[in-house]
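In the part that follows, the structures are each spelled out as structure tokens.
Consider the two complexes below, in which chain A is the common component and chain B and chain C are the respective partners.
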Partner chain A sequence: MTDERISRLLQEATRLRYSRRQVLRRAVALGLSVPAVTAALDRSAIAAPGPRFGRAPAVLQGTKLTILAATYFVPAAQDFFVQQAQQWGQENNVEMTLDFVNWPDLQPKIGAAVQAKSGPDIVELWDTWPYLYYQSMVEVNDLANKLGEAQGGYFDWVVKTAAVDGEWYSIPTGNSTSAFAYRISYFQEAGAEEFPQTWEELFEVGKKLKAMGKPLGQALGHSPGDPPSFVYPYMWAYGAMEVAEDGKTVMFNQPEFVEGMKIFIQAWKDAFDETGLSWDDSVNNSAFLSDQISATLNGNSIYLAALKPEEEGGKPEIAEDMSHAGYPAGPAGRFNNLGSRSLGIMSYSGNVEGAKAFLEWWASEEQYQAWLEVYEGYIIPPTPKFIELPVYTEDPKLAPYAEVATYARNKGYAGPANQNAARVFAEYIIVDTFARAVQDGDAEAAIKWGADRLERIYGR
Partner chain B sequence: MNIVGENRLWSRIWQFYVPLALFAVFLLFPFYWMLVVSLKPNTDLFETDLNPFLLYSVTLDHYRYLFEETDFWTWTKNTMVVTVGATILSLACSILIGYALGRYRFRGGTFLGAAVFLAYLVPPTLLFIPLAEVISRFQLYNRYWALILTYPTFLIPFASWLLMGYFRTISRELEDAALVDGASRIQAMWQIVMPLALPGLLSAGIFCFTLGWNEFLYALVFMGSGEMKTIPVGTVSDLIRADVYFWGSLMAAGILGSVPVAVAYSFFVDHYVAGLTAGATKG
Partner chain C sequence: MALVRTPVAAEALRTPRRRTTFIQRESTLAYLYMIPGWSILLLFMAYPFFLGIYLSMTDRMLGWPGANFIGLENYRILWNDSVFQQTVRNTAIYGIGTVPFKLLLGLALALLLNRPFRLSRAVRAGLLLPWIVPTALSSLAWLMLFNGVLSPISWVLKDLGVIDQNINFLGSAWNARISLCIANIWRGIPFFAITILAGLQAVPNELHEAAALDGASKVQRFFSVTLPVIRSIILIATLFSIIWTISDFQLVYVLTKGGPANTTHVFGTYAYQIGMGATDLGQAAAISLYMFPALALGAILLLRYVRRED
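Here is the complex of A and B:
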């Protein structure tokens, strides 16, 4: 029965000229076994197979594996990952359990597991976290290097954020990144035919947009996604950074940055929705989709949500009228903050071999590419191998997301994305510097406050 | 013409009904908001031209999603098992602690009473890491016992403190009379003091039930894997996808999740108030 359904799907794919990605998405929607569909695809002329990684050794039979990860924005991609894991588990007789938690809840679970030396076998780590947990993780240099070499080498931002001083304790999986989602018609009405190229130009247009009742939207609350996506690149664009290359000398209180902050304080009043001080990662999405703001930095989740049919809460008219643009430049250049997430194996795991075998299978070109395709371009891959996939290029509105990876810096730049950078990130010091500045209107005092806090962390 | 009566009516309206109405609106508004959002179609949720406080069309899709696409009933069962278990265990311990500290006079008793209360002030965010090690050593991870045994760390101190105060309000002569009549200390406690302390027990029980029902951090860290999720953990892990919130279903889960607590309160509200205010006017 299942074979018949797969066969019908392949006929449909041939007739309608589906891409490999479209076939896999249809497979998920129809509840078909994705690996079975992948195998059928490989036998058909629709898509060429990637290199196959070997089946796990028989010694794993009857073992268990638990994976802990953050929830996915694209539900189909989360379902797809579950299907991949379960299929691998069935083929190798390994009982798989997958747990997905809300983003802010991932770290408490990992922290408790590390302390208790008990819990999931494989965990998802965000950028800077490998430095926090590597002593409790299994070194996977062989596997990470093998995968990296097979896929054209890892991007620099991946090595700096997922490796620990060049050693791999987890397999990079890429990450979502931000670009400006903006309303084409509102920008045109405000006199901008194209998205502004510098921050100051953007703020000028923003003044007109706010006067039109459609301000720029930016979260400055304690939330791990959108606030850092703005404050780190803006700080770099105005010549400041957390530390110098030595990882100790704080380079935050720079005259150029003070000037940049003064410009931002004024722009916050003139061009932004000032309630952004209390926003978390979700508010700019709903503000944009409810037509309250004209532009905001975000992953492509707003666009993908808008593209849905109207009865499912989509906003096709907004999807039509919106586009994306890369980061504006400042006096010091154009920057973006990007670090890779990764999957690592806990050293307390009783099934390290099983975990390695699963990661090797899942990160293989065939499986990983299929996962990226179902993810609809939300995740930027860690190697150049996949960056030309149609999922990143076929919709020109999504092209900026792949481009912003080319001028990305890690948290903690110009030092490594180590435990100090993780602490600065976790304590929202850069975000709070900006929030204090717009609240008090005093750029010097806010930056001095931030510099003092950074000194306490980096200067030890 | 009855001017005095009219004045009384107006003063009742201003001094009683108006403040009561304001309180009712203040307290019930979150439930009204949850109900409205849970019944709104997605198309209305982000439509700023519509009044957000009113329903223009009704859908049960969010409830359907909650029941069919998530394990809501399993979460409810888990929450019930854990909460009832932790409440019974905490009450049993708190009765003994409260009775001992409330009825006996012994050296260090006052200090112990204060220490029990101070234990309540230790935040779970400090305790969850060391407790994780305990859970791991006893191999309780992802079992009901993980929460049934850890919730009392914050339930027992406050419940003991509450009961200690309540036991002190019950006349000592009644117990002495029972002892003179030949009852043992346990019999006197069980047959004389406990029935009189019922309002206090109910207050402590409702307090434990509510805190256990809503607890998040321990439930996330010590259980929360596979199907072993409680309502607070399940809703945020399955109804928040990255930066997209399923507001309708989240509010539906909020409404349904608050029903058992509301029922518990409404059944025992009179006893609960009596328990909380006991000792307020006595030494």
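Here is the complex of A and C:
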């Protein structure tokens, strides 16, 4: 069945003279396996790979490269990245190995490699991590600046979160962003024709939704993705922040935030699925797709999974009935947390030149854009060059994801996203403040606890 | 063997007398033979242990060159750290909430399995499964069972009308602790059962028969005949279990990662979070070493007991 669909696509490609990228984009739109289509393309003469880009020097022939990254929530994009790496490896006779680990396991793996001075040559870093590991990484200012300039310069939020005081130790790759995925019909049933504009309005609608058996879903466990994407923005919306601009004065215990936390404690009981305290980054996806919750903050991976054909596990009826909305506002404004991920080269690597050559090739316009397209808008690019791509504009339901960069703050705001911010993130201090508050029902005590923990880190 | 040895012996006869004495001296040979064993102990036990002690007295950050010696500062910081205090309490709860149950249930299971019945060998082998399945894997199965939204336990009970809301297995402090204890007990029972079963097989049947003839009841026979024989095995198994439980990591890491709000952190997971997440190797080493006195006490008791029995 799939083979037939692939061959039909190849016929179409021949007829309409598609480029390789166009074929792959069509493949994704049709829900076909990207590696299978790529393999079919390679077997045929249609849309053969274009002129060799960034071919590595002959000295790399016969070398090896290992890449460590976090598992993709959009599997087709992971397959595509593997395929890109294998393609480059074959063209340059470099043996490529790719390891993908669960999100919470990525940082420990990098830590172990750094400590042992052996392991992957290239690692995926999340925002704030370059500050933790740059002493063990290769400085790549030339490469990063060259790529950035060629694509219109990096966004401010990228420079703030992926560079180390303006120096580059990794190549920014953009990041997944969050918005509320919600069920249109359930919100209408609860009396909300539009998605609420403020947190308090959302909690009001949430009460009705929970009474209908379809609560709001939010993870508050020890997981690096979804819990922070709620707690940081909510803290900012209620006037608190980790630290002032000086990077030392803790600004967490604010009266407005205490009030906001009291509202949230009540809302947790009235509007949310209370098992969220144990959720990791994947539970809200499965809860939404199995029709257990009516709204949750997430990347667009839920929608992409729902859009798939039913025989591949998709949920077309949910995709039809869902949409996305940006973050609600609080008294202090509307915020979200955004920082760029990046790919960096470890200084212990025996193949720094190979790693640089691969990154230069992969981050080049053609390859990177193809990757973004297969990712279908899940990743917001680090430069303006790609922000107008159809993947960000074609489907109006995905529009809120492309807007998040207009109201984003970095972890560690109003200070830089440095080691201290990384430590607060790694110790889940902001997340645990919220978790303590809803567990004990005491907003003042939880925020005081959080402020004390922040003081220990920022006040050093 | 002889064929191999002959040339060596011949060689030895030709070599000067003083050298022969050196090689053949028992004390020298004894030390030579000990080298492989000592090397393994030094490399894999002593070196990491002393490195850990050294690191715990420095401000070493992962990936950063150099470190300053700061004495016992890390230990002092932790002493006043509310999350660390919570971790100590959690670990105590984890130990107290599991070891006695593992012991009692393991003992009961061993007594049942000690009776002859059809397929007893297969059942005894099958009993070991929870113990031999890699903990990371079995923990993942528990993670699915304890899923807040899609737990099959919750769904079956909801279907039967017993509950109307999902059970919040891992989403509140005590529920999460109890869930962890249940999973830990499940994993630990086979160790007790099989160890005690081995001890039970060593109880001579004649003793039971003699006691029965003297009119001893089943309970009396258990306390006066069986228990004295298996007492030492029970004690050793318990001490081992205490040590393993206090130093547990995998189960807690997979199920909760110390959450919600640090209410399930044990020494291992907190050290991991501070060392590998926050990259503070010095403090992480100090967290691990806080475990040392308790574990050392367990080990000393264990060794003393084993020696006395010998």
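Heads up, the rule we're going with is that the second predicted complex is superposed on the first by the 409 of 460 C-alpha atoms of A that agree within 3 Å, B and C clash if a C-alpha of one lies under 4 Å from a C-alpha of the other, contacts with A are read in each partner's own complex, and residues count from 1 in each chain.
By definition in this document, contacts are C-beta pairs under 8 Å (C-beta built on N, C-alpha and C of every residue); 3 or more make two chains touch, one makes a residue touch a chain.
Small disclaimer: the values here were computed from a predicted structure and weren't measured.
In the overlay built on the shared chain, the residue A:290 is in contact with chain B and with chain C.
Touch criterion met: A:70 reaches chain B, while chain C stays clear of it. Touch criterion met: A:426 reaches chain C, while chain B stays clear of it. Looking at the shared chain after the overlay, A:303 reaches neither chain B nor chain C.
Contacts of A:108 after superposition on the shared chain: both chain B and chain C are touched.
Contact with chain C, but none with chain B, is seen for A:135 once the two complexes are overlaid on the shared chain.
When the shared chain is aligned, chain C comes close enough to touch A:222, but chain B does not. In the superposed model, A:436 lies in contact with chain C only, and not with chain B. On chain A, the surface touched by chain B in one complex and the surface touched by chain C in the other have residues 108, 111-112, 115, 286, 290, 292 in common. Touching chain A in their complex are the following residues of chain B: 42-43, 45-48, 128-130, 132-133, 135-136, 141, 217, 220-222, 224-226, 236-238, 240-245.
Residues 62-65, 81-83, 146-150, 166, 168-173, 176, 256-263, 272-281 of chain C touch chain A in their complex. By the touch criterion stated above, chain A contacts chain B in their complex at residues 66, 70-75, 78, 97, 99-103, 105, 108-109, 111-113, 115-120, 176, 225-226, 281-282, 285-286, 289-292, 298-299, 301, 305, 310-313, 315.
Chain A meets chain C in the complex at residues 104, 107-108, 111-112, 114-115, 132-133, 135-136, 217, 220-223, 273-279, 283, 286-287, 290, 292-293, 422-423, 426-428, 432, 435-436, 439, 449, 452-453, 456.
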